[in-house]
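Read from first to last, the chains carry the letters A, B, C and D; within each, the first residue is number 1.
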Amino acid sequence: MPLPTAFHDIAARVNNWGRWGPDDELGTLNLITDEVVRAAAACVRTGLRIPLALPLRRQMVQTGAIPGRIDPLHVMVQVNQELFGPGTVACNDDAVTMGLQAGTHWDALAHVSRSGLLYNGRPAGTVTAHDGAAFAGIGTVRHLVSRGVLLDVARAHGTDRLEGGHAVTPEDLEAAEELAGTRVRAGDIVLVRTGQIRLCLDGDRQGYAHPSPGLSIRTPEWFHARDVAAVAGDTLTFEIFPPEIPGLWLPVHALHLVEMGMPQGQNWDLEKLSTACGETGRYAFLLSATPEPFTGGTGAPVAPVAVL
Amino acid sequence: MPLPTAFHDIAARVNNWGRWGPDDELGTLNLITDEVVRAAAACVRTGLRIPLALPLRRQMVQTGAIPGRIDPLHVMVQVNQELFGPGTVACNDDAVTMGLQAGTHWDALAHVSRSGLLYNGRPAGTVTAHDGAAFAGIGTVRHLVSRGVLLDVARAHGTDRLEGGHAVTPEDLEAAEELAGTRVRAGDIVLVRTGQIRLCLDGDRQGYAHPSPGLSIRTPEWFHARDVAAVAGDTLTFEIFPPEIPGLWLPVHALHLVEMGMPQGQNWDLEKLSTACGETGRYAFLLSATPEPFTGGTGAPVAPVAVL
Amino acid sequence: MPLPTAFHDIAARVNNWGRWGPDDELGTLNLITDEVVRAAAACVRTGLRIPLALPLRRQMVQTGAIPGRIDPLHVMVQVNQELFGPGTVACNDDAVTMGLQAGTHWDALAHVSRSGLLYNGRPAGTVTAHDGAAFAGIGTVRHLVSRGVLLDVARAHGTDRLEGGHAVTPEDLEAAEELAGTRVRAGDIVLVRTGQIRLCLDGDRQGYAHPSPGLSIRTPEWFHARDVAAVAGDTLTFEIFPPEIPGLWLPVHALHLVEMGMPQGQNWDLEKLSTACGETGRYAFLLSATPEPFTGGTGAPVAPVAVL
Amino acid sequence: MPLPTAFHDIAARVNNWGRWGPDDELGTLNLITDEVVRAAAACVRTGLRIPLALPLRRQMVQTGAIPGRIDPLHVMVQVNQELFGPGTVACNDDAVTMGLQAGTHWDALAHVSRSGLLYNGRPAGTVTAHDGAAFAGIGTVRHLVSRGVLLDVARAHGTDRLEGGHAVTPEDLEAAEELAGTRVRAGDIVLVRTGQIRLCLDGDRQGYAHPSPGLSIRTPEWFHARDVAAVAGDTLTFEIFPPEIPGLWLPVHALHLVEMGMPQGQNWDLEKLSTACGETGRYAFLLSATPEPFTGGTGAPVAPVAVL
């Protein structure tokens, strides 16, 4: 099924192609200026650091439903190996095989295409089995540090976890923004909390996968209006799944990554951050979330840390 | 050959076992207090961000000499796959196999043992092929953000790159500290620049590997005296290689990781940082360098960013 | 729980340590003499070839219950890549990550140890994370071709598939031998059919895994009496699972691999072979089943073919 | 550069498209009839078995020049793990990551395409990053047993190893056939020995890779005339490399795999077989060489065994 008019109408309104030049591969990350980063550093009050990554290990997030997206298979290649002879210092070394989108990760702009096109109108064919993403791969993002703002939609709704069928709307975001006590502005990284990851943390991977609350197709326009740099969430699918419009799969992915050129993050553990923000009443912080720089990667693991 | 007296004498002087309790797995990272982090954030002046990680790709660092420590094999598992039918949004997904210590990385405390013991006197046997490091693995380090100080030893010596046989001494560190114009203090992450990584960046992996300049066996006492939280460098071997004392292999690894409980980083690209610090005359910055949280990992890739 | 007397009594009766010299790593495979192979070739009547391997692909056998034993993750590293310029011959290349025991495979003698010992009394410590099996690994088996005999226990019981709780006894083997119309003799490879793999072929991986019919602890003595070279079966666990004697786990593994030095095979698809043997009334054939020669492997995939 | 007339002329003469029907995926393997296999079994005289596979291990064949085609990275995921509690039977388990064409292997027909086409005129686009080869992948070859004939070109030339620049011609094949004392016939698997693999066995991987002796562009017509089922050799590149006609890369690959639909094998160790055939004066044998059945694989490891 080709993409419907409903999609194309929004796409036209949020499209950023050419905004940072025809060769730009960074999209909305261009909005993170030095000034934005200085202001982000000024958000640090207590020095408390809160990690937002899930542990990387077997049987963490993935159910096997997405082919090839395997949880980390961590293996030892040396165990207390006395490399230089008996009695010498002994070494441990390890290796891993994993899907780059298996755990807490960023999607690169090249993660999806629509109608044969990537961000900035580049052909989808620039992604190949041989080289991965030759355009707008995750390796082009060499640093990702900015102000982070937690939009705690679950808390704004007075719940620990939104229902599976809950589409997070612009109205939800604004209610959470009011709770946060700070206005989302250009260059911010917005973290949208639904509480869904509690299922994953409790070991219910199937329940975590779907049905899942998540962003409504109406939210990209809100992010676009605010000139957000990136958005991350605490679900597997990021957007509501199954989708709001039957047959229109992953529209938010396409609007963010292809039209706006805005990276998005999944499987972020926002539970401890929610607690800390709730206790202090402050929902803005320095967020350091640079993806691992895989050349040609269409996504990458990240170990984000909020500094409050 | 068992470890010589020279080693044990230093070991006795720098040993931190029990300092943070018998069950501690974090070692000198305990020195990074909230106060230290607040001060680190206050170092941010311009907002400029400088990435310190090498790209993750095939044929980057490793020569094959260290068995199992392979450069990333990045593969696509989906290329523009229209998962939900023709005309729908198309997805790209990838996977990787790599040595955890292959590129820019942190060594976990469990990376080496000596005389059958890890940090805090725990048995080396707590590292197994099945589970990796059950004690002091990299997964216990959930955040690593602090003040970073660049000790630019190469520049202090008036060169782009130290010779292969150059052992970096405490005197070298102090000369670089003077150049830096700031005193290294408790909780700092020290970045020691030799310039050796220029060989790697130029494609000479063999030359990069060895002979390599690096830390002298005399430096752990200096780091211990300053209560440094962690040290990272721009070489493959971290310490001088081949070693200063024939037959005494990897003594700095053992002193840092086992005796002091201090993480160390390798293959960090400090070239752009050196340029930026040289231009501004400021060598201290906010450093965000949280390792990927592999459960049981004895090391992990990291994408460090200095915020100046 | 240490191994009980019941185990040690049988172990003493079937033990082959030293039988082929103190340095032998091949065990009962020594029983496959040139003469045995000539006789095996003489079994070929029709020339019909029947493959006994399951396909190697994602989501085939493994449920994730055995840590690290992952189904093949097959990935393309080149897709129609014109390596030498536009218009030239284009190449496809692939790579795989998989557990060596994930699909149709042989266990090497080094696959299990008991009481700290491997076959021929060698220390279990000869298996290391660094080198794998330095003794009796699968790489020492450079060819495995002999007479194969199908003992179709399911058919002898008049069923397509034995119940999950069915322990295959020596009496079962003899009934199947009578059905086969040939006496099992020295150097034979015996294939024991339970029909359990039908569950796997039908997509029921959990049901296939357990409860599973399989060899009784009483069968190793029968194989020993006949001087069988190797035994393979159509289940995941090979022996009955859960075990016959509560708390005595994998006794047949230990008796075969450690005491007798006899390789064993799992996840063999014997369905088509059963049909062919039933139609012709002939249950003996040339069996070619050389494992992939992984140096230090404690098991390996195999693509066995019966030539009738 | 598009393929030259010289290529297309030969292609027209050896093309087998449609010969076994429009949906055929097996090509010349169809020539291995039951009758051929019966005759192959009748070749067994002594029962001696000779393995033709290189060991599968790190640092065996690959130099890193072919991206993604990595030598096996064999890792232990369990080492003497007492899975069911202290004192119970202990298990060793392993996993591997490797290029399917890294060691001794078969190329599937889908390994190469030319002008956008695979064997039988199917579109090259049937190979995808997601599924691998949907047509003519290695998984369609469920058994590969036939008469093998060693054409010992090196010996026929009175040398242990042909020079790097030696193109093996039809005349070379006929001289070797005369030495073999048997006429190559329909359904045979021909093994062409150059001796080049001695370099690999001696540890000279670079020298082994190229310059390499190998099949001339003139040989496909010879194999076609004899209706050979498959051809394997003892070099990395199979055909002479660098190529005979400058700019015409891998023409033999394209003629065999695409036009004829004939599988080809590389990195086969024919040294011991050469010795045995030389001693007995018999160069024909039963050859069992079934590839590992990777679904969608464009090649696969194989552990071939000649039974003399």
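Here is the rule we go by: a residue touches a chain if its C-beta (ideal position, glycine included) is under 8 Å from a C-beta of that chain, and two chains touch if they have at least 3 such contacts.
Predicted, not measured: the structure shown is a model, and the values here were computed from it.
Q: Would you mind reporting the rotation angle for the C-alpha fit of subunit A onto subunit B, rounded to the nearest 5 degrees?
A: 180
Q: Which pair, C-D or B-D, has more C-beta contacts?
A: C-D
Q: Averaging only over C-alpha atoms, locate the centres of subunit C and subunit D and give their separation in whole Å.
A: A distance of 27 Å separates the two centres.
Q: Centroid of subunit B to centroid of subunit D, CA atoms only: how many Å?
A: 45
Q: For subunit D, what residues touch not just one other chain but two or more?
A: 67-68, 70, 73, 75-79, 95, 97, 128-130
Q: Which label fits the chain touch graph of this model best, line, ring, star, complete or other?
A: complete
Q: Which subunit C residues qualify as touching subunit B in the complex?
A: Subunit C reaches subunit B through residues 67-68, 73, 75-77, 79, 95, 97, 129-130.
Q: Considering the complex alone, what residue numbers of subunit D touch subunit C?
A: Spelled out, the residues of subunit D in touch with subunit C are 1-3, 33-38, 41-42, 44-51, 53-57, 66-70, 72, 74-80, 83-101, 110-115, 124-125, 127-129, 132-133, 139, 142-145, 249-251, 253-254, 286, 288, 290-299, 301-305, 307.
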